[in-house]
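Chain nomenclature is as follows: A, B, C and D, assigned in order of appearance, with residue numbering initiated at 1 for each chain independently.
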Amino acid sequence: MLGTSGNLSAVISRTPLRLAITESSVAKGTLTPQQILEVNERGEAVRPKGSRPSAETLLHCVIARERGAGAVLHTHSVWSTILSDVHAAVGAVTISGYEMEKGFAGVRTHEHREIVPILENDQDMTRLAARVSDVLRDRSDAHALLLRQHGLYTWGATLDEAERHVEIAEFLFEVLVRKHTMEVMEKRT
Amino acid sequence: MLGTSGNLSAVISRTPLRLAITESSVAKGTLTPQQILEVNERGEAVRPKGSRPSAETLLHCVIARERGAGAVLHTHSVWSTILSDVHAAVGAVTISGYEMEKGFAGVRTHEHREIVPILENDQDMTRLAARVSDVLRDRSDAHALLLRQHGLYTWGATLDEAERHVEIAEFLFEVLVRKHTMEVMEKRT
Amino acid sequence: MLGTSGNLSAVISRTPLRLAITESSVAKGTLTPQQILEVNERGEAVRPKGSRPSAETLLHCVIARERGAGAVLHTHSVWSTILSDVHAAVGAVTISGYEMEKGFAGVRTHEHREIVPILENDQDMTRLAARVSDVLRDRSDAHALLLRQHGLYTWGATLDEAERHVEIAEFLFEVLVRKHTMEVMEKRT
Amino acid sequence: MLGTSGNLSAVISRTPLRLAITESSVAKGTLTPQQILEVNERGEAVRPKGSRPSAETLLHCVIARERGAGAVLHTHSVWSTILSDVHAAVGAVTISGYEMEKGFAGVRTHEHREIVPILENDQDMTRLAARVSDVLRDRSDAHALLLRQHGLYTWGATLDEAERHVEIAEFLFEVLVRKHTMEVMEKRT
């Protein structure tokens, strides 16, 4: 469900902020306790001593702090990779009118407009973390964000909620790509 | 097989009408007896006392009553979400000429025209239930119906038959979306 | 692998022709010995007494006889349903230049032209069986045939070979549908 | 994960070059030790005596030698088959700007241009092996190559790395096919 590679983190302390986070290059289905690190709010490893967390750890910290999330998930999927690129010029994917949107925390009706911001990808994590922080403040109602040609970040009060948000977002991304293609076809017949 | 989320109900008494129905937010594959409620014909919980069935329960009751069905299934799939939206203006998806249609109860030949009505989605379940009831009377030969940008409702004399109807409908929806795209391409070459 | 529904038969005697064949409406993964019938060359049940084989049994008999096959497989898949319809006017799907064609018995190079005949679907099995017989004689080099908007028939010297032919055909059908769409796109850019 | 059919080899000695390689027609998931052969640098079986390795063995040897790879994987997938054909005239698939490219050994940023050469398919393995050797020298930075209408070859220092390269390449091929279709659509709306 979590797609090829990606990262998973859970908040274990709010003050000071401490996250348990998976190592970056962990093979699917073979996660061991040794591959889970504890990091501080700057994304530095607290435990085990001397371990080197993945560069993207800082994004998890920023999201956990800005959203007060209990868990953050980062996935790489075909649909999120495509949508993040095709809609990059617009800067966001807009999702509207779908019952499935009610799967996002706090959404009570399909008459909801979910705007998923898209950020340009960047290997400089400090710079990217600052931009993620800005976007989260600008879009205080967003449940997820996309990195262009890279993947999805979403979060939740609990790990279960964060996982549900991944499922919901991926379902809707697939619908958008497939529907768009068919609709254009329709119009031309 | 039942898709992301969705609901499943089975008639346990016809007079008075009583349905066993799954709770709305039950995770897939982890259904426990405690997550199955008994409801009356108005969709109110009879057992366990004080439990709160999902809002869509009323649609199950209407379908069970109007069709004399033994089981009702509601699923959310990518294909049904797309088709229900793309064909919304026409008000129905028409399926014709497929051998697979013989999987719908009572259909004996591929020379059959299955019309799947599409209803606009609505969070007001009393209003939506009344419209579902009307549609079922207008389309007395329909085996399934779609809620726009939401999903599929189908039913059967038994749970097995209802499950078969989900499989048949989903297969045909996928064929329709994929074939339409390719056919338009063909015509233009 | 065998797709939704479909039938499987194996020759148990050549003279007189006797086939072991699955019942028509058998649920996937729950096949029991009681659901396998023995039929004669006219598709009539020999054992158990009084059992009623599916109408399509006759097609299995014709293919086993015409091809001297040891096993016949009939599957319903999304890709075969689409291709059989889109290419119906041409009367065949032509597959050429693919390494995967070497999976068809006797094919030694990708420089092979596999022609998969398409027949109009028909509920009259006697009439359809006669047409299948004609097509198999006209196309003595075919490894498979399609019934329009219905599905695939393929066969092999053994059940393993027939299963490999299903995999090969389905792989190539999927490639053809997807590639055609992308290629047309390419030409227009 | 390895797709329909295909081959897997691992270097067991560098000087002289010896590879352990799977037999060509081995069914998925049923590999036994007897189905693994030891071959020399000319692709001839060393052990067991008298065994006949698949014709494509020579390509594994050439790749292992030219790249100093510890493992070579050959897979047949729908996406690689399509892309290798659609881009054949250009002679390569170019992948650029994707975070997932960092899964290729030595790639540190998404601002990387991966060029996957495409070779025309050929049943003459000596001739094809010579062309593969040439291409690998011309494209010393390539992590994979495609045979037209046939499939993917990739490799790695270890079997794990080679498997990761298959996953990365297949993911990116799927994205390219799906995104291309949607993008052209976008431009025309």
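Following the convention adopted for this analysis, a residue touches a chain if its C-beta (ideal position, glycine included) is under 8 Å from a C-beta of that chain, and two chains touch if they have at least 3 such contacts.
This structure is a prediction, so every number in the text was calculated from the model and none was measured.
*Asks:* Same residues or different residues: which describes how subunit A and subunit B meet, taking over half shared numbers as same?
*Replies:* different
*Asks:* Among the chains, which is located farthest from subunit D on the basis of C-alpha centroids?
*Replies:* Result for max centroid distance from subunit D is chain B.
*Asks:* Rounded to a whole Å, what is the gap between the Cα centroids of subunit B and subunit D?
*Replies:* Distance between chain centres: 45 Å.
*Asks:* Distance-wise, how many Å sit between the C-alpha centres of subunit B and subunit C, to the nearest whole number?
*Replies:* A distance of 32 Å separates the two centres.
*Asks:* Would you give the residues of subunit A that are in contact with at least 2 other chains, written as numbers and ranges?
*Replies:* Answer for subunit A, listing residues that touch two or more other chains: 181.
*Asks:* Between which chains is there touch?
*Replies:* Contacting pairs: A-B, A-D, B-C, C-D.
*Asks:* Could you pull out which subunit B residues touch subunit C in their complex?
*Replies:* On the subunit B side, the touching residues are 97-100, 103, 108-111, 160, 167, 171, 174-175, 178-179, 181-183, 185-186, 188-189.
*Asks:* Once bound in the complex, which stretches of subunit D touch subunit C?
*Replies:* For subunit D paired with subunit C, touching residues are 4-5, 27, 76, 78, 81-82, 85-86, 121, 123, 147-151, 177, 180-181, 184.
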